[in-house]
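Some structures to go through are shown next.
Shared between the two complexes below is chain A, which pairs with chain B and chain C, respectively.
And now, the complex of A and B:
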């Protein structure tokens, strides 16, 4: 025997109304949507009539003037809570439709064949009305169908426990639908005039039908202006000015430019506002999206390419499918193409600036370096146009890639921040220009540059490569300093550090410590081993075959440095050893390298030794 | 010390913006060093968790391993301060990669698995992921008995939140059917993956390449080409996929698409030489070997290639890394390379790797794979690839 699933309606209603929708004010969006859909359906009814059906003719003459939403607020008094009504002059419902659509969760007239052309409607799931239960225990709908002259006026009362009642009223209203909500205790703020108006403007400010709020003697049109970017302007400059003002009004930000957006696919248009600051990840710009002029989401993310974090957009979409939560769109080919088109709009704007206002472009790029870097990586044309204008850190300070390229015949870069810090000051003093590609997108950009310019050879260098560029000692100097070189090697061998003596700028730098990737890995490994338990530390021992030369750090003494010169003259081996150790530890600390246990011991011993040595210089009082 | 926190925040901000890659790994390592320097174990722990994730999926499991040993110890010292489930979740990645390092002994691997199993049990998690790993290890060793044994255990163990993602689990099923030469069931099992219903960061990336050879064997040419093109598009130079790139090269070699194959070789070789997880390098070289052998058979003697400077091809000598520190900075010039010397290097490298693994495992599975590859010649054919859009 077959059974039907039984459903706990109360539970379903709770689930849908309280969990699917993020905030309770969305019921206003849902009611506006239903009203707009009903008006849309009614006008289709007439169009259909125009091509022949008898039904149309009779309707057309007297009803030609519809398309109006009225929202009335009846404030509560001491005894009663406020009531809100939403009235539209749309298609209304017949009795059969009330049962089938209004009273059936998950049934929508908009996806049935009844209303045709489902793409013209905002609703699609047949659950929107449930959101009203967030603010009202009961929903009362009074409706009369526009399909026939003699349609009855019906009253439907739905309760949040899942029951409903329907009856025929003995008076007749104009075709259309009225929805009444009784404020639920705790939801009073939704039923206050100011907040109501704010919410109506928020969701419906761009809607194509007249929306009017009424409360007592007060009347106000919610959407007097229509879509800002559809208006006629005497000039492009005026248009931009107007849009910037609109941006300021909407987001309270002084944007630096407004870029009109348009995509045929998805039937999309809108404005992208260029942000006056570079956003950090935490506050990556979100975009305000309208679906057929009705606000869909304040943080729709998948409509604008994700490299475009230099703009905040307001977009109206006509032909993309929103997901049930209405926070984003279905990720399909159409959406992808739309996103590409929006990307093209943004790129073309920058290309246009490049041709007409290069200074302005430079400012935008400086401000939004990161976003433009992401863009250049994504798209070859952008790369060609913007790469030279992008700012990089170099050993001679910040400069654009173009400036850097022109100032050196060999492009050299390091890919780790850490490596850059180790060598930048010394490289600068040597007039060697090194580019830091340790930040977001930079290494990939340089690789792209290399791929597109196979003749320019880019060198990716390791910190220790720098020492090859430092000046060698003469034979005499070498002889003079031989014992230091020898002792230093022996002393630092247990710490996996090799030494060298060279001559370099700046003079006041006694040693240069460089640690390449492999050596850094070995140091990290040693540190992990000190902490890890026995099993894992033995596993780490077997991670790779015996340590090779490349796992050594390099300490390069500067022969020009007065301190080093004095070291060379020291004959006391013990003292010299201690000095070498201390120089080594100090340069580790300067380079932000955490010390391992052995090095820590070195540091302590060295300090104590120095104190002792200092005290020994003072003669004891009573001997 | 607020400048320290500023620095850390700056690093985290950058890290959040970055896709997985070397830059991200470098930044995390820098952050970890800073945290260690300032003895902030809590920050060091968090950054290491992130590093484990990134380096696992960016082909640097050795870095994940170091970081993991550290957090495991730190966790044991202060168990109330950290998230145990996250630790256990990451544990399985690290365990899965142990097999890729031939110097780590079987005994060590077993002990580590025991430790993982103990911790899973103690927190009430099922051992499904562990059996899956054991099964995969047995497959690389071609130990049919063990494969079957762990396959059974794995399938009968409960599914809970300690599990691998369902796409990865599914992929492993596919591997199993391929292992027992049942292409039909493999394809059936792969259906949700191939239709895009199941996916994750590694699936279908790892599934597609393993299907290519079996499909060629069954003369399912069109399907193979489609899957190749799909794979080529999504692997995205991620060094995590060097073994997969090896399988693509095998396919390209067998279908006489040498140019494409050489492109892959050139592009991925630097990452291959850096990879410490040597079993992946083995699969890569196996594909490369076929590629250059067949290229030579087709009548070529030399080609122009960009090779990483640390690679020295000299006559028929093997690879010699290191010992090059007196060279000037790393240029990557294009050079004319004798195919024979390339083959010599690759085949030597293969034998060397096979020896390392077989000795460790006490089997001859790797060596056998090299020998079997020689029989693939019968499958050679000429199949042009459709024009790829991108």
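And now, the complex of A and C:
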């Protein structure tokens, strides 16, 4: 036996307001959407006639001037709440359509065969009118169909308890639909004129039909200018100025440039504003997107390529399918191609700057280095164009890759930020140029450079490579410091660390710790073994690299450093041991190397030992 | 400290938005190190979970073992905070990687499989994935009787959320049949994948891997047109992609058998860097088999010298780009034999060396079957 669900309309309205519609003002969007759809349906009726019949011709003469939306705010009298009327001169509804569309949840007039060309309509989900119950207990719809001259005027009254009435009125109105909403207690703000205008501009500011707000004697067109980027301008400069002003008005941000966007696929156009600040990679760029000129979302995510996080866009889309959440579009081939076309627009803008305004391009690249790096990695043309202009950190300070490349015969780089920080001052003092490729995309960019320029010498260096270039000690110095080197080896051997004493600048750096790939891997294994169970610990034993110099970290003492010189003069072995241990742990911490349990113990023991040693230097006054 | 925790979170968030690749892997490694530096165990666990996910294709297998074992250790130490269930999917990858890593002794491999089984059991999960791995392991060392028994268990076990998708199971089963030289049956099993009648989501394994499994068997069954079609389709899928060394090796073998030497050399060029750097020894072995067959047949056809464009990372790189074919053959033979030896020693069998020896018989089946690079009609990759 079959049963039918019972629907609790109030429950559904609550559900809609709490979930599908994030905020109650969306009823404005839904009403605008219905109005626009009705006007477009009437246009189609005139162009073709319903289902291609000859009806269109007979209607055309009477229908030359339509396409307006009028919204009137009628203030409440003596304590009663205000009423909002929403009038369109679109296609209107017949009685059969009223029953079918206004009283059936989930039914949309746009999904029926009635007009076939479904893609012309904004609405897709058939539940728009319900959103009006969020602000009104009762919805009154008065409508007259444009399909026949003798169509009756109908009144539909629906209540939020799920009941509705229909009657034929004994007067005739112009074809179209009027919706009346009585303000629900608690929703007064939605019925205030300023708020109403703000919301109408927000959702419908780009709509192609005139939207007029009336309140008493006050009348205002909320979309007098249409789509800003469609307007005619005497010059490109004027256009950009105007768009930047529009961007400022919309987002309250002083953008540094405006890039017109256009894609045939998806029938997309709009404008991308170049941000005056550099967002982080993690900040997912969001954009304002209109669907057929009606605001769809402030937070649309998947329309603009991911790498383009240097722009904020306003885009109008005509031929892409939004998802039910209306925050993004269905990931299909069309969307992918649209995204590529938008990507091309942005790239072309940068190419254009490169040709015409290189200084301006440099500013954009400086500000949006990260975004441009992502783009260069993804696209070969961009790579050729921008690689030399991208800024990298080097041991000689920040410079562009081109400047760096020209200043050295061999491009040497490290791929870890911490390693760079450790060795950069030493390298700089030694006149060795090293480039830091430790930030996002940089290593991959250099690898791409090498692949495209096989004749150029690029060398990925390990931190310890640097120690080969450091100055050796003289025989006398070696003899003098031998006991420090010998003790340091003994003290640090259990930590897989070898030591040496060399001379390097800067003088104020006492030690240089370098941990190369294999040594780092061994440290990773050791850390895992501390936590792993017996089985996995034994598995890792088989993965440990065979003990060799490459699995050892290297701690290089700086003979030029005053502290090291003092250490060399210390003969107290215990004190010297503590100092060596502490210098080792400190260099690990400075390099952001996680300490393992043994090293942690060393840190604690060393600190306490030094405190104790310090205290022992003070004679006890009373016993 | 708060700032440091924030910076780890920021790093994880950044990494999450990035496509898989070396940059993402190094960012996640950084997140692991920072979490450990600041003793943030929970963040350390999270960073490692992301790392395992991101490094499946392209990360260092040894480091993956270390990362996985740390996570598993935390689950054992503090099961209230860290749920081992989170790791059971990854455990399948770990075992699979252990099978392909001759450095892991057989004892440890078996113990790990037993440990995986124990954890699946205590979490109320079907043992189907365990049996499949056992079948793969037994096949790998040539113990087909054991493999048959595991296959029986695999077939009778129920499916649950930990089970691989149907197309993945089918692909692995095709490989199992091919290794037993049941070629006709393998082709029949592969058919629903090839005609796309089995539901497949967007993945990087099937049919890429399946086409690799069947291209040589199809040739050996003398279905030359089909073999050519599978080769062209397969190579299009894996070309310019990382981590298809094993599949490339199988296509390389096909180009040798069909005497499309130029195409074979192209495959060598495409994969030279990957071959020199890959730590997946199992895949390297398959590729070296293909290369040995190619160069052996070229030598027999009196081709003494070839030009190759490969990067200097390869130990056999020559700056003038001119290579002696017998020298190349010697390089790959040496690689192939030493790998076979390492695996056979680990497995206590002769299966790998037998595969190397089988090349001689295969070479006798080579026949000219030129590839036309126009798209053949009905090529499913057109869809």
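FYI, the second predicted complex is superposed on the first by the 477 of 623 C-alpha atoms of A that agree within 3 Å, B and C clash if a C-alpha of one lies under 4 Å from a C-alpha of the other, contacts with A are read in each partner's own complex, and residues count from 1 in each chain.
To be clear about the criterion, a contact is a pair of C-beta atoms (placed from the backbone, for glycine too) under 8 Å apart; a residue touches a chain by one contact, two chains touch by 3 or more.
Please read these numbers as outputs of a predicted model, since none were measured by experiment.
In the superposed model, A:412 makes contact with chain B only, not with chain C. By the touch criterion defined above, A:475 reaches neither chain B nor chain C. In the superposed model, A:457 makes contact with chain B only, not with chain C. When the two complexes are overlaid on their common chain A, residue A:465 makes contact with chain B while staying clear of chain C. Of the two partner chains placed around the shared chain by superposition, chain C is the only one that A:306 touches, whereas chain B remains out of contact.
Comparing chain B with chain C, the partner in contact with more residues of chain A is B.
Once the two complexes are laid over each other on the shared chain, residue contacts for A:618 go to neither chain B nor chain C. By the touch criterion defined above, A:370 lies against chain B but remains apart from chain C after alignment on the C-alpha atoms of chain A. In the superposed model, A:550 makes contact with chain B only, not with chain C. Of the two partner chains, neither chain B nor chain C is touched by A:168.
Residues 280-282, 415-417, 440-441, 443-444, 454, 521, 524-525, 527-529, 531-533, 535-540, 542-543, 589, 592-594 of chain A touch chain B in one complex and chain C in the other.
Contact residues on chain B toward chain A in their complex (touch as defined above): 13-14, 16-18, 21-23, 26-27, 29-30, 32-34, 36-37, 62-63, 65-70, 72-74, 76, 98, 101, 103-105, 108, 111-112, 115, 276, 321-323, 325-326, 328-334. Chain A meets chain B in the complex at residues 280-282, 370, 412, 415-418, 437-444, 454, 457, 459-462, 464-465, 468, 520-521, 524-525, 527-529, 531-533, 535-540, 542-545, 548-550, 589, 592-594. Of all residues in chain C, those touching chain A in their complex are 10, 13-14, 16-18, 21-23, 26-27, 30, 33-34, 36-37, 60, 62-63, 65-70, 72-74, 76-77, 98, 103-105, 108, 111-112, 115, 311.
Taken in their complex, chain A has these residues touching chain C: 280-282, 284, 306, 415-417, 440-441, 443-444, 454, 521, 524-525, 527-529, 531-533, 535-540, 542-543, 589, 592-595.
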